[in-house]
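You will see two complexes here that share chain A, one where it goes with chain B and one where it goes with chain C.
So, the complex of A and B:
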């Protein structure tokens, strides 16, 4: 046990609007009961929260709104004042704008100034990447308290007038799989007793020679005018076959590597935070992990896949459950270009 | 002098296509000699390189193409094999896609695998932010050699069919101000004698309560379909008045802070790498800095404002000029939400 490990003081989360269930979504897109049952069975997501008003199609909540709310909750739960934060790291695949980085809009709203801020362009491993950059900033000794934020909004790609009957299945899935949300955490280099140590963080590109499992595009002025290369391309493409084949095995490898590096046995784990691509995939992954004694913490059935935010929903829950000496492992797999990520926690 | 300072072994850069001069640009947009003279006098950029084919409007070079070329040059100049790199940090405002991060596409092409990769969403301070994240990763002791990459492409927002006569001046400037390019550098924790030490890196958000000086938007499937909020908005908005008023003063403050933290006098400086928003602005900033004895290193007259890449063009040049004991300071100001950034170099 290394007393100098960085501590994870708190986590906070935020979701836009009320939960949108499958019946509501089916009605909004003019789809029938069969479609709704298909979501239940094959996706396993019961509700999600959206930044888009389903009546008007307008984006009513920004990523900065969500990030700010999550950050305030995390700061409050940690008992840390915004003035004590000396570095911020954010992860997202869907910033409000390319410039300025959303992290700076959030910093401004929190009344934070004169500190370094970083925003990672990241997907399902983004929460872990942001935790690791935050941890490194503290480990180097130059900073004491880091605010880590992560979140995503599918609003800009969520086309309410899409004709779902004409969409290929791979694109249809995108309409029901994703949700919007944000999370945040406070890290500190102060080794107070009773706090949760971030014992390991790993994030590693493993995509050499592999085609992306997920591509999310953005369009510019030239594309919008219908003149550039992007116009004919799907905004979001997923290779669900590759994802289904690879992710459970990758999750098992991440778990084994984390346990091995800490000399922990799988029966030492009290909690596991599995990857949450969808309710159904998470169930398959959990089966593959085969952790009989560790309690599983998931949220995807309620939140949908909110990308960078997901791990913070799990963290918020597990922080309330971890007793002294309890251990947890979190696992994330980013299929975009195949990143293995994970972390290990222990309350000291 | 701290022997443990991280070393900057090399820098490499890449530009797409041939230089595009103001006459060519004026002709392509059907503008007259007066417009061309206006660029010469008020912008001060003589050429830029573009990822777009001016005849067809097609994007012929991607950011991954540019980043890969710059990275190969930096690796070669450092005499470092790609296999020895154990972390990559990239900065860009204009990734090829939202997912996967462009850094991972570049890693794949370089044959790099099984290491952490990070991509920052950053603007004019992005090169410095990426250097600092790379530096922190090495300073923590967990990594030995970092590849830092930075670049931008305005291709997706570069609308060749825009009617420049109908554009307001603030948008007109965007057509001539920007260029595409990428840069890279190799950092190491190995304190070999004769190498250049990265004596200081600073990056600090200073935008509390200030409106953004630059906004660059992206559009999604819903915006493209003409249904969401973004459709009426300009892709790129700049507050040139605020930029002209603030940036020279901020640059002087960054210089003073860097010198002060190292106990260097301005006459100790052999080279200065000023911010390069445009040729004209750089001249104004240099005047404000008032460094009579330090040689100025700029490239914006030839490359245009290529955002995240700019500092690497300056670094590539200054690394060839820095003799033993020579000192240089680089300064960057990001107007998007007002970030102060800079670094100090010394050949030991």
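So, the complex of A and C:
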């Protein structure tokens, strides 16, 4: 069947722990009011949820925990039984382990077996990439229902002993930007009336010859022993200036391309789901998009930047708002190696 | 840190910005590489060095390194 007829039945999400506001975060790191004021003004993210217990420093929630909860919510909202899922696709930059893949841990917990499962190594465009793999698997025939999951947990990078006064800006920014979370969605090839069609999905690598905007390294036994090259490098670092400069323009290009491919005008859009970098950056991007007549669906102020999961928080909200004939566009940019991603929805 | 020259050294050494004493009066917009994260890093360094608490709104009104120094030392 035509991929543009694949339906998005539901989305579900999960967050660990209570919301952590900027005052709490600042105090936990021994920082003062000035630091908290700076996050308010320059990051614009009010809260995030963390898989780490801030009192004990222990990781209390795994990515599999979050993915399982999100998947159960999505399945319940879709009215789909786990036994009816034919394929699972997951995206994450922060799996619980490199092997086994977290997608298979989640499948096991859901009682799912004997179906193909895929896990993508992905960042902020991961939800869109996973949606597209699931959508194409259904369009290709042989599968009827796909469960798509995406999420991230920065617990292993959240060093509560770090002296933030001595961190370089490229690392400091990560402490305030990120949160943990997971999302899931159910896709189907059943074209039931009144459901939401996933009209278009685009995901494209655009980073040829370009330095990464974000790097997340991983370390093994030789690294632990201090023998491997690069052991002194930061586990996570961002070229935040390149991101600030490039992402608004890339988002505008993605929007234009999606609209053009569908022969939609920007005034046809009822909702827009912009990239969720931080409260402040998302506001800048939205200003650049200039979609005055479309309602913006934004979550990053409350969830923090939870990477792969973000689009599902936006999808969960917009699915409850889309009326018959309404249209929405979602946009994501992965600055790691500069991936453009986006999707278009329409309720029939 | 008691002089503006020591302040310039702090900016050079801790922020890695290539500034000279002649740059302190320039608008921050003219300082190559300057951004809001440098403001945060510098402000926390100044609080530690001077022992004085700073308020972000005061620093946001300071549009040059010279003015930030003045806020930090209470001049």
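Of note:
Methods note: the second predicted complex is superposed on the first by the 344 of 348 C-alpha atoms of A that agree within 3 Å, B and C clash if a C-alpha of one lies under 4 Å from a C-alpha of the other, contacts with A are read in each partner's own complex, and residues count from 1 in each chain.
In this section, a contact is a pair of C-beta atoms (placed from the backbone, for glycine too) under 8 Å apart; a residue touches a chain by one contact, two chains touch by 3 or more.
If you're wondering where the values come from, they're calculated on a predicted model, not measured in any experiment.
When the two structures are aligned on the shared chain, A:336 is found in touch with chain B, with no touch to chain C. Once chain A of one complex is fitted onto chain A of the other, the partner contacts of A:173 are limited to chain C, with no touch recorded for chain B.
Using the contact criterion defined above for the overlaid structures, shared-chain residue A:54 touches neither chain B nor chain C, since it reaches no partner. By the touch criterion stated above, A:95 is placed in contact with chain B alone, chain C being left untouched.
In the superposition on chain A, A:34 contacts chain C only, with no contact to chain B.
Contacts of A:252 after superposition on the shared chain: neither chain B nor chain C is touched.
Once the two complexes are overlaid on the shared chain, A:240 sits against chain C while remaining clear of chain B. In the superposition on chain A, no contact is made by A:348 with either chain B or chain C. Contact residues on chain C toward chain A in their complex (touch as defined above): 35-41, 43-45, 47-48, 53-57, 60. Those residues of chain B that touch chain A in the complex are listed here as 52, 57-59, 88, 92-95, 97-101, 104-105, 107-108, 111-123, 129, 132-133, 136-137, 139-140, 142, 155-162, 203-210, 212, 214-225, 227-231, 235-236, 334, 336-337, 339. Those residues of chain A lying in contact with chain C across their complex are 31-35, 37-38, 41-42, 164-165, 169, 172-173, 240-241.
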